[in-house]
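What follows is a pair of complexes built around chain A, which joins chain B in one and chain C in the other.
And now, the complex of A and B:
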């Protein structure tokens, strides 16, 4: 029985590699369809024709799209995304500057929202039908339909402009280098509280809703009623039978969202002025900097596919029945 | 016993009529004159004077005609009366209010959303400010205007450039203080007398305040509903046109085409939507049309998935198999066996997609992209509110709250349909 399961995993991994290849082709097609040439941002009427030709040959824009595509694919296999036009550095080096913050920010937010939504769901299920439960549910629906930029700006207005508790933008204070080790950490925490709250408030309602629905359905399920009739304590039923059974859908949903978080939270980064992948990508799109666009979008999709894969594998470990289903 | 208040649809219509009759009676009168003039011009073939009418005038005439049509059809037809007599809950009320804002925007708002007055005076006024206007008649009216423009001047007195603002009005006093361009001057009231012999002083209420250019935020919010709902509706149509046939095809045929289409949608879904939209927008250019197309193109995947899985599950059911064995042709299979079953999940997902599109549109115009530059949009209002966050909170809060309420209402409607389909969903 061990071998078929590994075979299924390998099949799943191969499928995600195929999707990754499709994504790369899709991004390439979309970027090359743009009216602006890749070299057009470096060419002005005052430049001599010789220099224009040199620039064009540098960016391989003179050859046809098919040749560009094959050149791109060979480079891509070698792990080379080209040189960013606007930063005048290899794309990988540019991304290296922005990636660590995004990953740390994404992981912190992800953990925060998972923990908060889990505890909220458990509390609201334990107090089923009470006033407190209804308040949580109602506010959850309102939060669910609040866009991130409205939440972020309302937070800025209340906490940073009116109450003046948290700073309004940036990753750290200007005088962070003079502070001690503990002071630095406190400074970072103060700067990142509002962004983390903003970003997680967009996803907490979704997780909460998912968990809450699952828990509600499971609490009325036949095997739980059976356990209850056997005289088991409610807490044991909840923590040993109900919650583990309600996790799998949450895991696959969280896998998708984790990928999105790692690819950069554009709106939050813009509102709070943070150096993340989202702003980098959008800047690249506006600057027509197509090696950087390809690199960023490839990375984003790679994170998406990877975290999906990870979620599926974890789900398969918890619940063997779901392995076959995830291949469809 | 607590009596529960039941709202009915015709209440809102009555409210609208009251608002129109109380605040807009003059406008209605002059608009009907204008409409008469337009008709006369069309009949006599004089199209040159029609060009002088702005789009807002056509807007006003069209919404008035629509209002009259609704009222008369309610009187004449019993079916419309039945429809208007439906009970609605708060969610329904807000949807009806949005519909009213969509169709009758020029009737509820006080002025054009893009209209600017003396910026130095009207900019950044807090909510519920009342500003007093006076129309000076000391300047001689130009006689060379033809009839239509004269009518327009009567219709919108505050559209004229020779208006003044007053800070203090004393009814008994014979003078008023005029302020324009930061100059103050006292003027005798008798200079303000019009032909009819009364002083034309009128006050104007800015319910939700004004923005940095002195534009009325309430008007802008109402007109912004128009843009958001239009974009949402049209891009849903595009998504449905692409997604539903593909979903049917993949669900029916199965095999290689199904798996290819599924991988293709997965590739589409793997690129974060906002990046995909931004990339295509950078390609197509920034205007209303391309925003609609882009949002439609980025939204068909979920519809495709739902239709495909529903069709697949139906084809495996026994009633469908027996229908195939009876020998129904494909058209009858589609219209009798499949469409009735999948129509409500399709509708639910389309409503959810509608909220997603509204959200995406406001996000795009918040980023300074999309249609926010040329027309009024909630997202661009929020963006300009961000710049004046410390001095004018209402510029951010008003459109933000309206946007949240709109999204909430449509989410609620979608989840209600879902709840009807699957009663086990609790929230």
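And now, the complex of A and C:
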């Protein structure tokens, strides 16, 4: 069994690399075929037409798309995405400034979402049919239907403008470099509380619903009724038999969402002025900054594929039947 | 147990709240909210407005320009040049530099830096923001200033600048921030764009860079060694990056930041309600317009022939269109009065250059109908749309996406034109695509904005030579305007120049090559503790070393 599993994972990794390459190639072709170029961001009455002409000729390569693609692939294999037009720096260097925040923010938000939705679902299912259960379910609908920008602005108004507890923008205070390590950590926590809450509230209702429905169905399943009739305690049934069996669908869904989170969270980043990949990617698209678009898209695709792979592995570890299914 | 948990939570929140309060400006610093981070602090690459504003605080120019509100014009003041003397025929300029100006690394700022700076700005390899703007200097075929023919360094603090014959050069032509030669001469020119000087510059201006936290803010500290330093100057200016407009407003209302520009008219009331906030209004030199392609772009692209456009080639039709658009409605209902109806390419703030006798082409559907009727446009088949020689008056208006004001205006104009039997289909397109289409003369009509430069340069948009005037998107041609623009390049005095500018405005007004919509005010909101602000059309923050904190 072990060798086929390793073989399966190698196969998945190889397939992921091929998918990644295809995605990046597709994005390369789309960006090159679309009209407009990076010079449009320089058009202004303050700039002489001579300079515009020169910048335009710099951005428009004379060689055909096939040659450009070949050059791109050669550089891509060497890990070189070229120079960003708008930042005038290598793409890798630009991304390095945004990636650490995105990863940390993504992981913290993701864990927060999972933990909160898990506890809410367990409490809700344990208090099935009660007033508390109904309240959780109703508020879930409200949260699900509220867009992130509304939640974000609401939090800003309440916690920043009215209560003056949390800062209203940025990843940290501007004088963070003068603070001690402890002060720095508190400063980051303070700045990230509202963004994490804003972003989490978009996915908590989905995870809650998924988990709550699974738990609900499993609690009425025949094997659980059987265990109950054998006199097993409710808590043991819940934690040992119901919860582990309810997790695989959640993990599959969370795998996709985690990939999205690591690609950036545009709305939250804009509202709270955070330096994330979402803002970087959209800025690159608006500026027609092809090398940067490709760099960002490559990372987004890589995160998506990787998080899916990770989700499959975890699912396999929890429920070996899923691996068996894949092998068959 | 529950009580203990609640107590612990309460203590946790209190401790957190005590540890990190929202940032606030204090008695010695101010915080200015800006929408995005900049890419470079070097004046070579200050392509966007905020980059220009910040780099001007860090670097000295030979002269500085300020707005004279009473005269409605720009006045020149000394900066790095303590004095200057023009040759009688205006062909050269002797400059006396201040001897007490130093770079932040202690090296004196001299005439060698001045010569080096002009060489770098005009070097095509560097691709600075000023490249191509040195027409009044002796340049080679690539536009690079010929140093030997242009500069004569008499001593470290005196130099002569020689201009091209009959170039009508002014002090605007030497208004560039000076760069440190001793630092940049070591950098290969092709590496300038990527050099660390863009992020850690050696400066000589009123402020020095204290810290640049990417995507968070830029902190400038007063430079006590600068020639611009004065007692009581603001010690620290922080440009805080807040991408979301609503958040910028919230932080201003919350007393977290001290100044923001481009306040939307609908937020003016909220700011007026706060006692500690003040409003300032910068009368605009930015306007929206509808461009009517004066020629058939397809024919021009095919064989270079300027054939009048079948809809907009006729002046009286363009006049009729201007009269059919209810510009006042947008000014009153959307801009809430923070603007002015546009009549020509020169705004009213230029009191000496502005022509006060222009026709307003106010909203008058009857007059518009009559003009169209006289030009042969009638509804001959009774379908509700006017036509002429079998062509119905229907066209597409291209509008770049992402501007709610223009979207609102397009909706109003659509219904205005429908009332006189014209169908205007509105297309919202991507800005990059839109600009490409403008250069390729693909569009019949479009709505976009433009800024009148200081000093006023109408040739860049209104000269008919399309090869050398790529910004003449509408392909306007009026021989009188061409000859007036040529006269402006001669050695003429200021009075003559103003008269010529008024005549050009007359022609662009009567021809209505575009419909000038409205000049847009820049509404500035700031904390009442800030003193000495000037609401100059050149920029609000540009001379903030003169501000004081009350």
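Rule of thumb we're sticking to: the second predicted complex is superposed on the first by the 299 of 328 C-alpha atoms of A that agree within 3 Å, B and C clash if a C-alpha of one lies under 4 Å from a C-alpha of the other, contacts with A are read in each partner's own complex, and residues count from 1 in each chain.
As a working rule, a contact is a pair of C-beta atoms (placed from the backbone, for glycine too) under 8 Å apart; a residue touches a chain by one contact, two chains touch by 3 or more.
Every value quoted in this text rests on a predicted model; they were computed, and no experiment measured them.
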Partner chain in contact with A:137 - chain B first, chain C second, else both or neither: first
Which of chain B and chain C A:270 touches, first, second, both or neither: both
Touching partner for A:169 - first (chain B), second (chain C), both, neither: second
Which superposed partner A:161 touches (first chain B, second chain C, both, neither): both
First, second, both or neither for A:153, with chain B first and chain C second: both
Touching partner for A:212 - first (chain B), second (chain C), both, neither: first
Which of chain B and chain C A:22 touches, first, second, both or neither: first
Which of chain B and chain C A:301 touches, first, second, both or neither: first
Touching partner for A:286 - first (chain B), second (chain C), both, neither: both
Shared chain A surface residues [contacts with chain B and with chain C]: 34-35, 153, 156-157, 161, 270-271, 286, 288
Touch list for chain C against partner chain A, complex: 13, 16-17, 19-23, 39-40, 45, 47, 124, 127, 129-133, 143, 193-194, 198, 211, 213-217, 219, 238, 240-244, 246-247, 250-251, 253-254, 256, 430-433, 435-436, 450-453, 457, 460-461, 468-471
Chain B-touching residues of chain A, taken from the complex the two chains share: 15, 18-20, 22-23, 26-27, 30-31, 33-35, 137, 140-142, 144-147, 149-150, 153-154, 156-157, 161, 209, 212-213, 216-217, 260, 263-264, 266-267, 270-271, 278, 281-282, 285-286, 288, 293, 296-297, 300-301, 304-305
Chain B to chain A touching residues, read off their complex: 263-264, 266-268, 270-272, 274-276, 278-280, 282-283, 355, 359, 362-363, 366-367, 379, 382, 385-386, 389-390, 393, 396-397, 400, 403-404, 407-408, 411-412, 424-427
Chain C-facing residues of chain A, complex: 34-37, 40, 42-55, 58, 83, 86-89, 97-98, 153, 156-157, 160-161, 164-174, 176-177, 183, 186-187, 189-190, 269-275, 279, 286, 288
